[in-house]
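As written, the chains take the letters A, B, C, D, E and F, and residue 1 is the first residue of each chain.
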Amino acid sequence: MKLTRRYRFSASHRLHAPALPDADNIRIYGKCNNPFGHGHDYVMEVVVRGPVDGVTGLVVDMRSMDDLVRCEVVDAFDHKNLNTDVPEFGRTVPTSENLAVAAGRRLRNAWKERFGDVPALEKIRIHETRRNIFELLL
Amino acid sequence: MKLTRRYRFSASHRLHAPALPDADNIRIYGKCNNPFGHGHDYVMEVVVRGPVDGVTGLVVDMRSMDDLVRCEVVDAFDHKNLNTDVPEFGRTVPTSENLAVAAGRRLRNAWKERFGDVPALEKIRIHETRRNIFELLL
Amino acid sequence: MKLTRRYRFSASHRLHAPALPDADNIRIYGKCNNPFGHGHDYVMEVVVRGPVDGVTGLVVDMRSMDDLVRCEVVDAFDHKNLNTDVPEFGRTVPTSENLAVAAGRRLRNAWKERFGDVPALEKIRIHETRRNIFELLL
Amino acid sequence: MKLTRRYRFSASHRLHAPALPDADNIRIYGKCNNPFGHGHDYVMEVVVRGPVDGVTGLVVDMRSMDDLVRCEVVDAFDHKNLNTDVPEFGRTVPTSENLAVAAGRRLRNAWKERFGDVPALEKIRIHETRRNIFELLL
Amino acid sequence: MKLTRRYRFSASHRLHAPALPDADNIRIYGKCNNPFGHGHDYVMEVVVRGPVDGVTGLVVDMRSMDDLVRCEVVDAFDHKNLNTDVPEFGRTVPTSENLAVAAGRRLRNAWKERFGDVPALEKIRIHETRRNIFELLL
Amino acid sequence: MKLTRRYRFSASHRLHAPALPDADNIRIYGKCNNPFGHGHDYVMEVVVRGPVDGVTGLVVDMRSMDDLVRCEVVDAFDHKNLNTDVPEFGRTVPTSENLAVAAGRRLRNAWKERFGDVPALEKIRIHETRRNIFELLL
């Protein structure tokens, strides 16, 4: 049995690769390279997989899961400027791809410690907008 | 080729594990343990997989599929109280996990009899709310 | 300036008018007359109207509004059986029309006391499902 | 006949009223007062009203309407930091209320010049998130 | 109390004003002037207004309303080519504006006969796509 | 890392298998066999898979991807009558299954030429309506 649970956070970012000249940054990121940044309402889906408990009928204790996901990711990203407020993006461009990598790394470590392997943390998905969805196996 | 088809049903339930003391039931299920129950508008997705027929251009005859899914699952759950109206939940807690197990069992047997292995019934998904989605391979 | 703010609650109900014979109840309410009830995920929209504050740029203090709406309506209806858990439906059929009337009455009184006439509480809308929306001027 | 047409733009902002002490800003705007800002995917609905042209069957030439709305509002707000990139928010807090006021003022002037009174520009709505919708009569 | 109820139909159309030269048709309707037509999944909202019945708790008998709307509009438009299958569009361009006018005329007459003035038929809305919504007072 | 990107197109079609007698066509396709056709607003999701570039933080250059998908598929299907305007459906029934096959074939060839194997084109999904989704591995 797999459970997909959805979380939301709003954040701003600016896409700019410091290793590249300005002209390349403009060509690659277009409007997303605007110097003062812009923002999105992100949706993050966390997928876990495990057996259904015979007594409770549940795959995971959802309150523990919510505590973990909020504490590790949502509170760190929500209503934040990703470039300045989140340490992972000091030198890394905060594209949704890298956002998924950073969120995945934070979740994986905390999940192992709290839940072990059952249920297993399977993947996360970041919906940047309705049109772009990024998925990372964990 | 895979086809995912969506069905909807509205039902009420109360989450209460008779094997556990009341304090545990309240701790585990929270508001869902309310004695008189509450309700949801469920979405069920049924995923089938098979080749495209060379003449009709179809993977499955959708009217037969609808008849089967409605007769086996939707009519049995829609506008019902899961705890009292659905035999599977006499002793089993009607969580969405167990709802998926019950719906999957009903579909698998009927599907085999009606369609055999082509197209194959691959999985079902129960959307409890927009935030929680349960998936079961069949 | 008008602000529409959305709230959600899940509840179960049974539609049955005690003043009518059973045959009429079945004819009028169809599946919704099922004796053990069924449920929905309701959306309630609360519409308020007022001037924009020159200093804060806000029409209403949203935290106060949320406290009031949650306390008066959401907490009273969410994860409840409307027929047995909500006093207004002891003798009144819990249709979405009557749900809007009950929610409106609860909000109107509390709103007057807390906010007076500015901003004004203008109307509420109950989305029973995606297909049916009920609106009441307050 | 009324036509409602939807536009989207993504922007970042920080809610901070310079006339108020920091403690009040934090109390009033909460997480939205975060110093480095955050962002949203806004939806703007523009409502126009007029007779249906007997020959073309249209209320408004949609290409002219799109050009006007994009040029006056969408291009000015999309992928921008509202506080630093939009002149109206030099001293005014970029709440969605003030965003609606600014967008409405920009549209009203340009609309009068381009279309006159037929069709009439009736109102705009700013959807800040799925939960908060702001409406302004023009 | 107002009730908004949603109906759906899929239809194809071609936008071409026979009174205008081809160049104007292309300029005005763009891709919608394609000679062999294209299609949409329309949503039609019907808004009625009336008192809540003291016994049933309902504004309108929904089954009668559905029968009327389906019979008068949905069955006539659904899975049809509006230009060739619907008499109103023999000489009138099937824009969504004219679709709303045609649907409104059909509903108004039938509603008066079946329901009289209580509940009153207030307006209809045609959602052509997510971006364009047409509203007509009846 | 997988990226799913959404595209939309509106088209009309008629489902009719020339190899079958009329009675069978009516039985199999129902209203979709209507002689003058009808239409839908299709959503096509294109899924690609590849590593995240260490400098740009991107899986694929989205502008190149959009150019390719628009040029190969969207422009060929959008605002078109699939039966008469798209060569693949001269003799093949334009069901969504066959639409996915045709779109997949167009994309696969062009993708190989433009991007090679990194990122890889993994699958496409055609959403015919909200209820039916077709998925094809490429």
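Here is the rule we use: a residue touches a chain if its C-beta (ideal position, glycine included) is under 8 Å from a C-beta of that chain, and two chains touch if they have at least 3 such contacts.
Predicted, not measured: the structure shown is a model, and the values here were computed from it.
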Partner chains shared by chain C and chain E (touch criterion as defined above): D
Between chain B and chain A, is it the same set of residue numbers doing the touching on each side, over half shared, or a different set? different
Chain pair repeating A-F, as identified from C-E, A-D or E-F when over half of the contact pairs by residue number coincide: C-E
Measuring between Cα centroids, which chain is at the maximum distance from chain E? A
Roughly how many whole angstrom separate the Cα centroids of chain C and chain D? 29
Mind pulling the residue numbers of chain D that touch at least two other chains? none
Following the definition at the start, I'd like every touching pair of chains, please. A-B, A-D, A-F, B-C, B-F, C-D, C-E, D-E, E-F
Provide the residue numbers of chain D that touch chain A in the complex, in ascending order. 10-13, 31-32, 34, 36-41, 78-81, 83-85, 129
Listed in rising order, the residues of chain F that touch chain A in the complex are 1-6, 52, 55-59, 61-63
Could you list, by residue number, the parts of chain E that touch chain D in their complex? 15, 17, 19-20, 28, 30, 92-95, 97-98, 100-101, 130-136
